[in-house]
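Heads up, the next two complexes both have chain A, just with different partners, chain B and then chain C.
Presenting the complex of A and B:
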């Protein structure tokens, strides 16, 4: 891990001192364990604040939207796919961007680690160490261990694009990629009856406080005025009524149709732990099955919802 | 929408040209029939 940190700092230092970029966006250590935060470096001597470990789950593509200066971004596989999205959607110019691609081993699930620490040690997490495929968690007086694979975020367990799809600098050795996502989680819901589906999402969303953290963490959500904030016209009710909450969630998901890279930022940001990816994953599955499309893989292809082909599926139109 | 628990048949899509009056009538009939069969949509009502 520390080799990657050293490489990232070196690249950042070089880019800034050579004047290739005005700013480097990366991660720095947060004030709490497992909570690395975005970090904006403008001077070469500040590059030592940058870190890289298994808690860099935030999607940094979120911070390049409409930037006028030249920026370098530290990007995992999913971040790089969102950068491709941004370029395709004209939210940043390719020539303003230096992508510091990092080959990713998957990020650890902070919520899972916290809940297991409470179970096993009855205490909050004090420190997490990650070495040789084994995660060691210090919580209160107790130390517990588990294989790294077990503690990965759900989206990282399923990830097929850990290596950056677009990069100017590469950190680390490319890792082996999974070839398929079985979408087993989506299929489980698809198999339910309509009433069960409704009840499932009712239960799932019952704790939502409508803080919009999922929207704010998402690099796809860059509209100047979001539909939930608009009051003329008011697209969606602003109350805590279950149907208003549900309307927000499925409209948000629809806005991500054919664009979502399943980076997991929304789920990671949710303060009450709602698995909001269940909505976007369904759309990802549909996009893949109907159009053979996965978002953000190439600069040369137009997104599924942006193209027309005579053999597009249209059975749903009667 | 169906994935979220809206019954199949409640939401329908059609493509009807302004010249296709008979198709419009047919579709309108079919839609009302299938929605009537499903009954009132109580799920989208606010609870309070």
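Presenting the complex of A and C:
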């Protein structure tokens, strides 16, 4: 891990001292275990602030949206796919962007580690070490261990694009990629009856506090005014009414259709642990089945839902 | 001050006796997660062994969504187009096992809702209906708790009517107010504790020693407001923020709200909802202008309000009790301790120029 940190710092130092970019966006060490804070540096001598480890799950593409400076950004596989999205959707200019791609081993699931620590040690996590495929967690008086593959975020366990799909600088050695996602989680919900699905989503959203952290952590959500924040006219109520809560979650997911890279930032950011990826993954699965489309893999192809061909095989659109 | 001895075997029986006179509210655990406050049904008892609740009990007094008036737009109805006040429940309630920081927070919030000039009837009615039974923390709830340097503490009895101290097989109940004494009376708890005050003092000292995290607040008042406002660190502080508002919703001392009318069919309700300085609609003017139009403005507002404007206005410390929830729940690890220390230690001069 520390080799990656050193490489990121060297690249950042070089890009800034050579005047290639105005700022570098990366992570700095957090104040809590399993947390790093997105940050920027503007001077080469600040490069030593940058870190990299298994707790960089927030998607940094979210921090380059509409930036006017020349920006270098540290990007794991999913972040790089969102940068591709951003370029296609004109949220950043390719020539103003330097992608410091990091070959990613997957991010650790902080919620899972915290809850296992509670179960096994009845304590908060004090420290997490991740070396040689093994994670060692210190919680109170107890130390417990598990293979890192077990403790990865769900999206990282399923990820097929850990290596950056777009980069100008590469950190680390490319890792072997999975070739398939079985979408077993989505299929399980698809198999439910309508009533069971309704009950399932009702229960799932019952703890939502409408903070919109899922939306705000997502690089896809950059509307100048989100529909839930529109006040003239106001589309959605502001209370804890379950209808408004559902409306928000369903519409948010649909706005991400054909664009979502399953980076997991939304779930990671949710303060109450709602598995919101269940919505976006259903749409990812549909896009893949209907159009053979995965978002953010190429600068040369228009996204599934923003293209039209006279030869479209479907009747409804002709 | 009177200290009552309650053997733990008597605790639930006592609460059962109190049920006829009080609605009971307390922490309830759901799965592995931290407990949440809710009304206790018959046969339900408060969780007494927990660090702190996930969210603070502020929502019991200041609900996230609270109906104030109802109305009908049906022209056939005799009372159409008339706002009718929603009756508030003023019946006596007991808030059991509230942690000292969260009880203390009610006093901070009270400064906004219950002043000599303005009394918010909804907040005041709810607040006064509660008898608050505090539960002292024998040890720090988390490495992020900094209550002792935020004007509160693990044994603080500010804002509670009774403070319970867990001694293993019993609770020492320190009676702070008459209201608290009445609740203990309703429970039938009356055995005086031998050496109560001394034992509490010694446990308090041990508990305070476990608080490992601190903020510095001594220079906040003398800082010049404009210089802090213009300090160069806000871009750095706010950069990671996603403006989700989790910090403000989880904060026991954040009190901002917004009023909305919602109509469905011909029936409507005027309600007030929690607002958050993190949101783009917060302080949005009718003209479309928002003086806090960017993330930097919003983040700065949150910290300046808690750590400067409040400090200056009320001259009684910061608008924070050090519970640490905002630090633990922030998705991007923005840490109020760092920001507080930065504001406290700030010297305008070369830094501003660089």
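Methods note: the second predicted complex is superposed on the first by the 309 of 318 C-alpha atoms of A that agree within 3 Å, B and C clash if a C-alpha of one lies under 4 Å from a C-alpha of the other, contacts with A are read in each partner's own complex, and residues count from 1 in each chain.
We adopt the following convention: a contact is a pair of C-beta atoms (placed from the backbone, for glycine too) under 8 Å apart; a residue touches a chain by one contact, two chains touch by 3 or more.
Computed from a predicted model, the values in this text were never measured in an experiment.
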{"item": "First, second, both or neither for A:291, with chain B first and chain C second", "value": "neither"}
{"item": "Touched partner set for A:231, first chain B, second chain C, both or neither", "value": "second"}
{"item": "Which of chain B and chain C A:212 touches, first, second, both or neither", "value": "second"}
{"item": "Contact breadth on chain A, by residue count: chain C or chain B", "value": "C"}
{"item": "Which of chain B and chain C A:183 touches, first, second, both or neither", "value": "neither"}
{"item": "First, second, both or neither for A:222, with chain B first and chain C second", "value": "neither"}
{"item": "Partner chain in contact with A:317 - chain B first, chain C second, else both or neither", "value": "first"}
{"item": "Doubly contacted chain A residues - partners chain C and chain B", "value": "237, 239, 241"}
{"item": "Residue ranges of chain B touching chain A (in the complex, touch as defined)", "value": "1-8, 12-15, 27, 30, 43-48"}
{"item": "Chain A - residues contacting chain B, complex", "value": "189-190, 194-201, 237, 239, 241-244, 246, 250, 279, 282, 316-318"}
{"item": "In the complex, chain A residues that touch chain C", "value": "30-32, 35-40, 58, 62-63, 115, 118-119, 124, 126, 209, 211-213, 216-217, 225, 229, 231, 237-241, 268-273"}
{"item": "Touching residues on chain C, where the partner in the complex is chain A", "value": "32-33, 54, 64-65, 142-144, 236, 239-240, 242-246, 249-250, 258, 260, 262, 271, 273, 276, 279-281, 284, 327-329, 331-335, 337-338"}
